[in-house]
Amino acid sequence: MKKELIIAGFGGQGVMFMGKMLAHSGMKEGLEVTWMPSYGPEMRGGTAHCTVKISTERIASPFCSHPDTLLVMNRPSLEKFQPRVRAGGSMYYNSSMIEQEISGQEIDVAAVPANKIAEELGNPRIANMVMLGAYIAREEIVDLMTINNSLAAVLPEEKHNLIDINLEALKRGYSLYTSLEKS
Amino acid sequence: MKKELIIAGFGGQGVMFMGKMLAHSGMKEGLEVTWMPSYGPEMRGGTAHCTVKISTERIASPFCSHPDTLLVMNRPSLEKFQPRVRAGGSMYYNSSMIEQEISGQEIDVAAVPANKIAEELGNPRIANMVMLGAYIAREEIVDLMTINNSLAAVLPEEKHNLIDINLEALKRGYSLYTSLEKS
Amino acid sequence: MGEKKLMKGNEAIAEAAIRAGCRYFFGYPITPQNEIPAYMSRRLPEEGGVFLQAESEVAASNMVYGAAGAGARVMTSSSSPGISLKAEGISYIAAAELPCVIVNMMRGGPGLGGIEPSQSDYFQATKGMAHGNFHLLVMAPSSVQEGVDLMSQAFDLADKYRGPVMLLGDGMIGQMMEPVEFPEKIDPTELPPKEWATDGARGREKNVINSLYLDPDVLENLNWKLQEKYEQMQREDVKYEEYHMEDAVVAVIAYGTAARIALDAVQAAREDGIRVGLIRPITLFPFPEQVIARASAQVDAFLTTELSTGQMVEDVRLAVKGRTPVFFHGRPGGNMLTPEELLEEIKKIRGEVQ
Amino acid sequence: MGEKKLMKGNEAIAEAAIRAGCRYFFGYPITPQNEIPAYMSRRLPEEGGVFLQAESEVAASNMVYGAAGAGARVMTSSSSPGISLKAEGISYIAAAELPCVIVNMMRGGPGLGGIEPSQSDYFQATKGMAHGNFHLLVMAPSSVQEGVDLMSQAFDLADKYRGPVMLLGDGMIGQMMEPVEFPEKIDPTELPPKEWATDGARGREKNVINSLYLDPDVLENLNWKLQEKYEQMQREDVKYEEYHMEDAVVAVIAYGTAARIALDAVQAAREDGIRVGLIRPITLFPFPEQVIARASAQVDAFLTTELSTGQMVEDVRLAVKGRTPVFFHGRPGGNMLTPEELLEEIKKIRGEVQ
Amino acid sequence: MNKEEAEIKKVNIKADKCKGCELCIEVCPVNILSMSEAINELGYHYAEVDDQDKCLSCGRCAVMCPDILIKVYDINE
Amino acid sequence: MNKEEAEIKKVNIKADKCKGCELCIEVCPVNILSMSEAINELGYHYAEVDDQDKCLSCGRCAVMCPDILIKVYDINE
Amino acid sequence: MKQDKLKEVAGYPDSMSGRDMHYCPGCTQGIIHRLIGEVIDELKIKEETIGIAPVGCAVLAYDYFDIDMQEASHGRAPAVATGIKRVHPDKMVFTYQGDGDLASIGTAEIIHAANRGEKITTVFVNNAIYGMTGGQMAPTTLLGQKTKTTPRGRSSEETGNPLKVSEMLSMLDGAAYIVRVSTHDLENINKTKQAIKKAFKVQQQGLGFALVEVLSTCPTNWGLSPRQAMEWLEKNMIPEFPPRVFCAPEGVDEL
Amino acid sequence: MKQDKLKEVAGYPDSMSGRDMHYCPGCTQGIIHRLIGEVIDELKIKEETIGIAPVGCAVLAYDYFDIDMQEASHGRAPAVATGIKRVHPDKMVFTYQGDGDLASIGTAEIIHAANRGEKITTVFVNNAIYGMTGGQMAPTTLLGQKTKTTPRGRSSEETGNPLKVSEMLSMLDGAAYIVRVSTHDLENINKTKQAIKKAFKVQQQGLGFALVEVLSTCPTNWGLSPRQAMEWLEKNMIPEFPPRVFCAPEGVDEL
């Protein structure tokens, strides 16, 4: 198994955190992982993204020009990264912030109303966990339980009060596909 | 013709100036010349020396570990440099400041009472010109007239009032050997 | 070794330094290594150490000089322009034979350049860091775990050679997260005492930390003594890794970040049936010249690849001595090498030398 | 050309700069180049120029950056430790493509070292001056007259390549007096205008002097563009001198001060009937690699000699590519090479390769 | 919001560049600025003019905007 | 000059190290210091004590000597 | 009545480029930029002014002004300005520098430019932090203030007290005009503009070195909303760094 | 009565090495060295003091003191001292620096060491010139003074006025004791010693940064005899650099 993801969005949307959660969970499941952020001043007011690789084999490069998976939280990031997704790959987009219907050529596209659900839960900042939940539900890269456990490890101590709401968001995202597909 | 000299003494004895005078005169007579000083903090309170090369051919290195001629104005310099003089070379020493009789092994030695004569002329600072006069008289490297003319070129403007006394010192040094040898 | 942790390279390297007994950090902020001082400012006081943000890189390297001369395990870290400012101080450190560790998380240059991963300070790190005949022992990790491992050895090597050791990485190593395990903590008070250090001449002759030698003989001796250390490094402390070299007919040579990418290309080439291997220098000074010299008898061509316009390639050429063609492919200035372009280069070379 | 004058190298070089149209000098005192600022402080105001003693070498190199960016012919000078402090600024100058001239009158290092002639900054000058992929055009005079001649060309070369040019000498060139003749004075106001300079955007688009390139593509392009300049230098501006190479079987390679001494040794060897020649690189970057490569087909051995532990010898080896043995003999740190010891080396090598 | 395009705008805010800092809102003496519900391309809620008519053309909002996004015209000159 | 070696010296000056700056001369309240006719190994006229007996052991000369060449003893203790 | 016939009471300075600025939402550096642009417009010196951008958040200032600019290395803007001004003594030269740039790494350069009475104008943005590199301690960081490199709050014992740059520089003979202003409200913003204008006039008249210290916010690294940042500035920075004229040449008020 | 039973009223400090000093005839740096040596003796801190030599004429100071010493790079002695003091907070650390070293190239380092309140002692030798390199202008060179790099005399217009280091440093919160003294006569030499002693005591008691600015002669580069140099100092430097205590901690007089 080898997965190469790019996760992208606005600075404040928690895309780095999504990536860390995924990498941490991969590590906990005994897989090889790397997490590589975009960094520096470009982040100021612009878009942010990170690359996550998860593999059963040793990972050579942590960079990725053509991901097999794109998790994308806003339109500018979609415009930037969608063309880079490998043929046969998949893209999950935040349909609450990207309003037109998106379709991919040669890629599999899933619309996730991440902000909508997050707002239903009363906190737009957890849209990222909705998205992450949806992704792992649909692709089964790591277990939901592992992801849930990673929260305490990846969130800094002073934010541990937010664990519950993040769990909730993960669950809502997750159930989006587990229920959908099982129906 | 090729001459390699070291000229050495205390910081204040004007040994650098002697070397410049000689090099300048050589240049004026159409010879190749180099003048290389010792420089830097060692000069502070210590001894100073310079190397002068005068040649009819292009001069390769301006340095000289074994001079054929040593003009030496004080004892510490004599101790340092005498052993380096090439066999067959010559040494001129300031017999006013180096009181014991000096004799050289395999080198030709000339005692020049430079300070004594300078003091007779009323200025110990021109002992260097006495020495220089004596040297050119004895070895005829450059013409006394050329040396005399170099004074105006090598002395900084503000010291041109000292030209006359320097000329006098050169003459006294010069006559030391012209008379001596002709006698 | 404990449990695996997912950590950023910069933080992992900082933690590794603390575990290696480093208790003093003097530095000045610069991207992409800011997590090192940030981590140190949190952790060092907990360990009874001192973190101090210097007024500049110039001051930082001279604080390191002072602290190293005073006998401490001490380090600094910076990125390209900041390292240039430390140059004079590093020359003094080398000349006074002081052990310390310097991290350079390189970024694209010259000038202010950019902040993306880059390897264009190779020449500076291995050859012309500053005035005078001296070198640093330079190690280039290519994974976070290796960053930790090399940092663990860096202080010992600095003490062994009484000189500066540089860890040379870039934004990849510094910013990425990978799982790491750490070695046990060393207690710095149990290290062998440094008899030469200035800590107040209690009951002994005075010690002097100095690099001024007005007597040319003494200065010359120092120069040759340093030279001997470098020869000893070449004998005793060369590190490198080989992949798929057993039957390789083309050898890719790359370090650090470029080596990670090159490995992808090598694997892809192998899948295409091309017998290509990778030699990854871990120490850049001392450079693994013997392994490359040996390889030059085996392979038909070398491909050196760097995130630069070609710097390490000179050391490869010096090792190869014209026996085998040495090709170069580089991406300077922040653009990443891709496995695809390298694969293409490999194929081209394979064609040319056949 | 006028009458011959007996002048100190430092002063002659300063005068040559003024005649080449240099009107701005920013520097900081350091032995053995102090006669350059002293001379400039006397002469520049006479020519309507500006001499300013900067608060440090760091400031000096950034003043040069500003003045060069403002379109002036400008220079600075220093010696080894001071050059190390200028490193960051020089990297900015190179990155922003600013023409200027930098003099390094080297002294023994590393650290504070000594002040005697030395050539241990070769690596720094030609390879790793600072962070990033860049070089200076480096010229090494070996006589006062040549110092004058090279200085006369230095500003034009700086303008030609829009980059920093370094004159690399040491206390020998700086402190010695030799007869010199000067070229005619250039009027700097008659030089071609610098369209890119910042002098107030009167009636034109604004100009920006900069080295920050956050877009990796742009930064990469700059890097390759610089690289192209270096290739052009190699094609168009290599300078060297050969002595007695016609029938030589051993070639001594030396530059600057070491070349003066080597010439004595070569002449002595010739007198002993040994067919030895001398190749003297005048530009160190671009390095005369082709002439050395050609010579490697002719001679049985090279002897590189430097006032260092061996730096230029790497470039010789890179040029020779293993075709011919390359020996090295050096004296680092202030002790002078002697013709005698070189003669002995030549004889030894002659024996070994026969 | 303006009723029709032709209407005169005393205050012009480049909504697409607005970073939603809300600093302009606060300084308006007649409280006619507020933040949008919607999000612009940059991902921010942007400042809007609720009622151009009430605007005093005092320019305070423009002086405050860190991104120089506000132009103010005086209708009385 | 001292009449004989055995005599007690209140002021001791290392003549061979003296750089002839003359600063000690000036500060002596009883004017017993002066510069030699002769020149030492360093090339300088050196400071000499003309009359040890008159010395007050005040130490002023020693405080002034930049090369720390002067030792002063108090004979009365 | 057409929109474009209306008189613009507040608009976009002519001497700025029109490019979007990269500053964080609510960062007052944008305001300071505009004020400089307006002053250049009003003094009609757009075609004779050369600006120097620092290394700091304002590193891209060369993109935002529509005048000749040089980007200096970190802290060395005063040296770069000196180089330019000595070549073009008849041009206006200004530096724009942050508190890390000017008061830490560039301490020697600013002090010596001021002491030389270098005829340049410096706009010194004091936001009590290193903005660009993500929030480390600056020499002007307040005691107790938490930053990336003072995670327990700045302690006087370990790192000393906030450095008073204007107070210090005003001691130097070459400093003609030194003033501290703020951007936390409209009144202070207007004063800031007046100060910048004077600082340029001091240069125009060749009176010596002029520096305007501008207190500025860094919402991002202070961890506050733009509005909270304004309040924090007023409440915490103003008492430590009181706005004031430290020195001014005779008659500067009439300039 | 034997010579060696006499009481020594003036002699050679225990904490000095006995090596001949290389200073020029009549250079007062030798006096300053001796005073430091005597203070170290009197405070009995020879085995707990670490000195830092500058780059300047005093570069060889490490040879002259019989204590642990480090030779710093030009201007960076305060940074080196900081490194040492942070490792050995219980030891006494002092720097000895010239006016080129401290007030020019090392401006940033001394200001930040002082501002941090680094617990070190600095002896700052102001001789209005660069001695070691042969007489170039220092930041403290007087107006009109001719040096190798001000051949027409220092001009305020081109290079500014003499920099007042003590005045400037005493503005910093971390500076506990800042004083200017002189060496041009016995009385002032004695005051210098008292000042140096206090500066060490301030460090001993952990009160903060202490600096003693000592006016000193450079007969060689001033082109004067040692005696003339003393007079020149008194006549020209004292009015420009008046000796004074600029700041002192409470009760420092009783120290």
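A, B, C, D, E, F, G and H are the chain letters, set down in written order, and residue numbers restart from 1 in every chain.
Here is the rule we go by: a contact is a pair of C-beta atoms (placed from the backbone, for glycine too) under 8 Å apart; a residue touches a chain by one contact, two chains touch by 3 or more.
These figures come from a predicted structure and were not determined experimentally.
Minimum number of contact steps separating chain C from chain E: 2.
When the C-beta contacts at C-H and at E-G are tallied, the pair with the greater total is C-H.
Between chain B and chain C the centroid-to-centroid distance comes to 55 Å (mean Cα coordinates, whole Å). Chain geometry summary: the mean Cα position of chain A and that of chain C are 34 Å apart. Separating the CA-averaged centres of chain E and chain F is a span of 88 Å.
Shared interface positions of chain A, defined as residues touching 2 or more other chains, are 40-41, 45.
Among the residues of chain E, those touching two or more other chains are numbered 19.
Annotation for chain C: residues 31, 52, 55-56, 58, 81, 88, 92, 96, 111-112, 115-116, 210-212, 214, 336 touch two or more other chains.
Residue ranges of chain C in contact with chain H, taken from their complex: 24, 26, 50, 52, 54-56, 58-60, 62-72, 74, 88-89, 92, 96, 198-203, 206-212. For chain D in complex with chain B, the touching residues are 4, 6, 31-32, 115-116, 171-172, 175-179, 260-261, 263-264, 267, 336, 338-340. Remark: chain B residues 10, 12-13, 45, 74-76, 97 touch chain F in the complex. Contact residues on chain A toward chain C in their complex (touch as defined above): 20, 23-24, 27, 32-37, 39-41, 60-63, 65, 153-154. Those residues of chain G that touch chain C in the complex are listed here as 55, 59, 71, 73-75, 100, 104-105, 107, 130, 132-134, 136-137, 139, 148-152, 158-159.
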